[in-house]
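Submitted below is the structure of interest, expressed as structure tokens.
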Amino acid sequence: MIQAGIIGGAGYTAGELIRILWRHPGLNLNFIYSTSQTGMPVTKIHQDLLGETNLQFSGEINSDIDVVFLCLGHGNSIKFLEENYFSETTKIVDLSTDYRMSDEGHMFVYGLPESKKEQIKKANFIANPGCFATAITLAILPLASEKLLKDDVHINAVTGATGAGTSLSETTHFTWRDNNFSAYKAFEHQHLAEINQSMKNLQPEFSSALNFIPNRGNFSRGIHCTAYTNFSGSLEEAQELYKNYYNDAAFTFVVEEEVHLKQVVNTNKCLIRLQKFGDKLLITSVLDNLLKGASGQAVHNMNLMFGFEEDMGLRLKANYF
Amino acid sequence: MIQAGIIGGAGYTAGELIRILWRHPGLNLNFIYSTSQTGMPVTKIHQDLLGETNLQFSGEINSDIDVVFLCLGHGNSIKFLEENYFSETTKIVDLSTDYRMSDEGHMFVYGLPESKKEQIKKANFIANPGCFATAITLAILPLASEKLLKDDVHINAVTGATGAGTSLSETTHFTWRDNNFSAYKAFEHQHLAEINQSMKNLQPEFSSALNFIPNRGNFSRGIHCTAYTNFSGSLEEAQELYKNYYNDAAFTFVVEEEVHLKQVVNTNKCLIRLQKFGDKLLITSVLDNLLKGASGQAVHNMNLMFGFEEDMGLRLKANYF
Amino acid sequence: MIQAGIIGGAGYTAGELIRILWRHPGLNLNFIYSTSQTGMPVTKIHQDLLGETNLQFSGEINSDIDVVFLCLGHGNSIKFLEENYFSETTKIVDLSTDYRMSDEGHMFVYGLPESKKEQIKKANFIANPGCFATAITLAILPLASEKLLKDDVHINAVTGATGAGTSLSETTHFTWRDNNFSAYKAFEHQHLAEINQSMKNLQPEFSSALNFIPNRGNFSRGIHCTAYTNFSGSLEEAQELYKNYYNDAAFTFVVEEEVHLKQVVNTNKCLIRLQKFGDKLLITSVLDNLLKGASGQAVHNMNLMFGFEEDMGLRLKANYF
Amino acid sequence: MIQAGIIGGAGYTAGELIRILWRHPGLNLNFIYSTSQTGMPVTKIHQDLLGETNLQFSGEINSDIDVVFLCLGHGNSIKFLEENYFSETTKIVDLSTDYRMSDEGHMFVYGLPESKKEQIKKANFIANPGCFATAITLAILPLASEKLLKDDVHINAVTGATGAGTSLSETTHFTWRDNNFSAYKAFEHQHLAEINQSMKNLQPEFSSALNFIPNRGNFSRGIHCTAYTNFSGSLEEAQELYKNYYNDAAFTFVVEEEVHLKQVVNTNKCLIRLQKFGDKLLITSVLDNLLKGASGQAVHNMNLMFGFEEDMGLRLKANYF
């Protein structure tokens, strides 16, 4: 049993980590560090665990730990690691944006198992991808892997209210969000940088635009993404390319059925569907923003780093309805 | 054209008043006073009016006005009227709880048109009923009018998220409220006092309990209320009693169909259905908490005070879907 | 008072027409023809009218009528008009797709008041536009009017469950639709033909693609549409162009605020917002699919044909919450 | 590994069984019998399993099986067992109402583990309780166990749309159910019989009324139940009684926090909260109607019958948001 800690235990991604790690057979949840909730039972915030656990939020960090997950606000992971010390053997999975861009100044590996499984297995530090970034990157990665991204990609995606974090705001107030829909941060979403980085790693000359319009949906969990671009091959060729590329992926599946959010919510899966219209290849991808788009992927990365089965702790029952 | 003012313009009930009064043919909306939004366009908050009006929130009160609506937090109307002056002919409709309990110290009439139409017509000051109070009182008022409330009444009602006001809170956060349900303030809701007062006005010896469990529903608008008590008559007798009692009501209708929220949301109506099971009479009432339960009823009261047709400005198209 | 009839009274668009026409001050609702509901009260289906009307569905058509609205399934209006006779002075508003494409064989005018107000005023027969077609056409019409559509337009729009009609189906079942999202009919939606026709009327050489991905949202009413294309001018130039073009539009407004569905649901309005990113102009439009996208626009067309004020019967209170 | 079969594989409860049993470590899912879907992949209906399984619905029944779950419509289990044969050692869990009432004519044990754990362990045939029956029975069972049910019990509960089954109907159409609420089958719900039976088993002289009003909520999963009755003891005494009664329950927990649906949806748990107001004890219980109210409880019963750990296969991650 490896020993695990969570830094920043009160938010959505920490909650999902606790729900998964609490049942993970290869791991003991050693501490959940929260400055705002020190000493409180974990069930005060993550109330679905009522009756199951008497874990408490801790005000102290155990630095002699096998793995630590950082669930801090964007910008705070760097600061936290400057101010806190872990043992030399402690592996770190950071769920913030802080280390997603490659840089000589850090040794974090971008933790998208579909493209970097071998590197992740050997890594000590993982920058866990963003939720939109995961949905979009998985939709176009096989094209980049064959250097087939030759034109602009037109992307429209919608995310649930958990995508906005736990803080109270007008656009997450029930009376605003219920039965509503709106676009935001068009063409300028912060995840575009990491998506572009992934594309250029595989197809260095890629210089087309990723035109991305994110939207706020009136649901709690899930990302639905459509992306289209020119593709000269047939639908069958596209399907062969994608199925080969994701052949050994543990959670990403290319399907021929229509895809929708309920197929993936509360699972760690990403489903991808391909369609061809004239010269255009339309790729639709769906995933749960808090699992495959955050905490589930973080556990997947940890499983790879520690040599566990890839889906250990992640054989999750979908909510479906 | 009478001149009207609104005090406290940024909340839900003020917004509904503006939506109604803006189109009311007998009235000019003279000012909307808001200390928090002074000088801002009304459409900054009430965005459905975009394109229709360039009204602004005002930091000044016109005291020489025909009617003023107080949309202040509970407890603040008394304070406001102590500190501010209106002309002798200004009529006041207060939407808070402050004047709902009869008291020698004030001259406010409880503004439930179904029971006090003639008093309202002559009144200068109206205490507009609470939303749950309206739904529950209308459900049992005909029984009290015939002194037939002889046993405990068992009441369960559910309200939408607008019932909790505009302030941000955990239980109005979308990720909490969406697809959720919970009870609160069981047996102790603050509206019980005004309901009891209305019952005792009609049936002075009434001394049974009103057992009331309020609930939070995952919708924005509407109250659905079931109430049952012993009733020795037949269903037909109950229907005759109710239909007679509400015979000249402008907005309250006794129907034989199953009732549900969508029949009344975005209207000023209250629908009431009666059923009999053994000795028990079950009364189901539905209304829109912001209209019949607040701002629509306030306009109805104003129409009565100024001799307008009862439904002027209130022939509202339901949303229905 | 003109006399009006509705053919096909049980569906969503007929229901909305009844709700509007019932309160329309210039018109008497003479009959509502329904073969499936003959003799039944209108409130059996349109239950929000309970207490207000005892209108019944009729099995007979009054052919001597001033205006008739056809609310039949697509393909059935042609058949109906072949088999039924109206007086020579009867004006017809058809809400189906049957007469939307110009053709020598019929005299229907495409009823988009923003582009054809003068023709509509003189018309006897109106083909009422489709809901997606209205949202998309209004988003790009000012560009076509100045022959500025020079590149592909990338369009993504989401509609509510009422867009699928009243019939029961898997994708309108609550347990499927609730908290779900999915794309459908990508690049092949039937409304593309009428949108292309409108563009070519204004900009005959237009030959770029309208790439349109429709989506199913988990709400009942509303269409949210984003469209972007290359535009060499500045944001200010685009806003001036749009504001001039819609200067005398009764229901379409160009705004600078973020737009969302709740601003327009249960109104006849269309709000349009412009943003510029690099060379791209992003246009976001929102409307209620059943009102501005169907029955509200039908009444607007009727108002124009009969010389009523454009917004008569259409000053609707938004639901907003 | 025991061999299991499911009869009637296309409905909600069968889907939940498949999701659980597919991951159950002590069991092999031998066949899923469906006459309507014979030969189709299970993922055609239960689409969240896409990518995980290529199981197919079968048209044949393997009668030499360790356990079979009947997921047939109410009334069809009796017929099915008359027409089909299983081996003498096959254990049966019936999810319909057919065998819930004790009767000399059958040997089914009512499968509520909180009250009949030892009988279930020895049973071969289980009648799995109804969803409302489970929520209500668990709310008042400890009182009956001490013969403390002395007055009428007033019960109000709300269920999600999955409670109505998969068939398409007006009240499960999205445009009807979304943001709506309604009562149905007041005082006459079919589950009252089995609840009364459970009470009388423990408190034979129980003769008070169970006044039960069921409601339709606008969510997909979950039951929220409030029940109150006179109780002469203190809140502390009630809590001690309940905590003792449920001391060894695997999934039912008495908590002091406010309870709501999201704490239990997609888990097999039932949470119970007690409050005291005057003479009245208010009990609030919440559970997932498809899990603790159906398929999860069925698996729990199976675990007991085969000597598995009670929570095997049932350590489910809540959706929570």
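Going by the order they are written in, the chains are A, B, C and D; count residues from 1 in each one.
The working rule: contacts are C-beta pairs under 8 Å (C-beta built on N, C-alpha and C of every residue); 3 or more make two chains touch, one makes a residue touch a chain.
Being a predicted model, the structure only gives us computed values, none of them experimental.
A.B. asks: State the smallest step count from subunit B to subunit D, taking one step as a move to a touching chain.
C.D. replies: When the steps are counted carefully, the minimum from subunit B to subunit D is 1.
A.B. asks: Count the residue numbers both subunit C and subunit D use at their shared interface, divide by all numbers used there, and answer same if that is over half, different if under half.
C.D. replies: same
A.B. asks: Compare the CA centroid of subunit C with every other chain's and tell me the farthest one.
C.D. replies: Farthest chain from subunit C, going by C-alpha centroids: D.
A.B. asks: Count the C-beta pairs in contact for A-D and for A-B, then report the pair with the higher count.
C.D. replies: Of the two interfaces, A-D and A-B, more C-beta pairs touch across A-D.
A.B. asks: For B-C, find its twin among A-D, A-C or B-D: the pair where over half of the contact pairs carry the same residue numbers.
C.D. replies: Interface equivalent to B-C: A-D.
A.B. asks: If you average the CA atoms of subunit A and of subunit C, how far apart do the two points sit, in angstrom?
C.D. replies: Computed from C-alpha means, the inter-chain centre distance equals 40 Å.
A.B. asks: Centroid from C-alpha atoms only, then distance subunit A to subunit B, rounded to Å. What do you get?
C.D. replies: 46
A.B. asks: Please compute the C-alpha centroid of subunit A, do the same for subunit D, then give the distance between them in whole Å.
C.D. replies: So the centroids are 34 Å from each other.
A.B. asks: Give the residues of subunit B that touch two or more other chains, as numbers and ranges in rising order.
C.D. replies: Residues 12, 160-162, 175-176, 178-179, 218-221, 260, 262, 265, 321.
A.B. asks: Taking the complex as given, what residues does subunit D use to touch subunit B?
C.D. replies: Residue positions touching the partner: 154, 156, 158, 160, 175-176, 178-184, 186-188, 211, 213, 215, 217-222, 224, 226, 228, 258-262, 265, 275, 277-278, 280, 282, 284, 321.
A.B. asks: Under the definition above, what is the set of subunit A residues touching subunit D in their complex?
C.D. replies: Going through subunit A, the ones touching subunit D are 12, 15, 19-20, 23, 43-44, 46-52, 160-162, 178-179, 220-221, 253, 255, 257, 260, 262-267, 269, 271, 290, 315-321.
A.B. asks: Write out the stretch or stretches of subunit D touching subunit C in their complex.
C.D. replies: Against subunit C, the touching part of subunit D is residues 12, 160-162, 166, 168-170, 172-179, 218-220.
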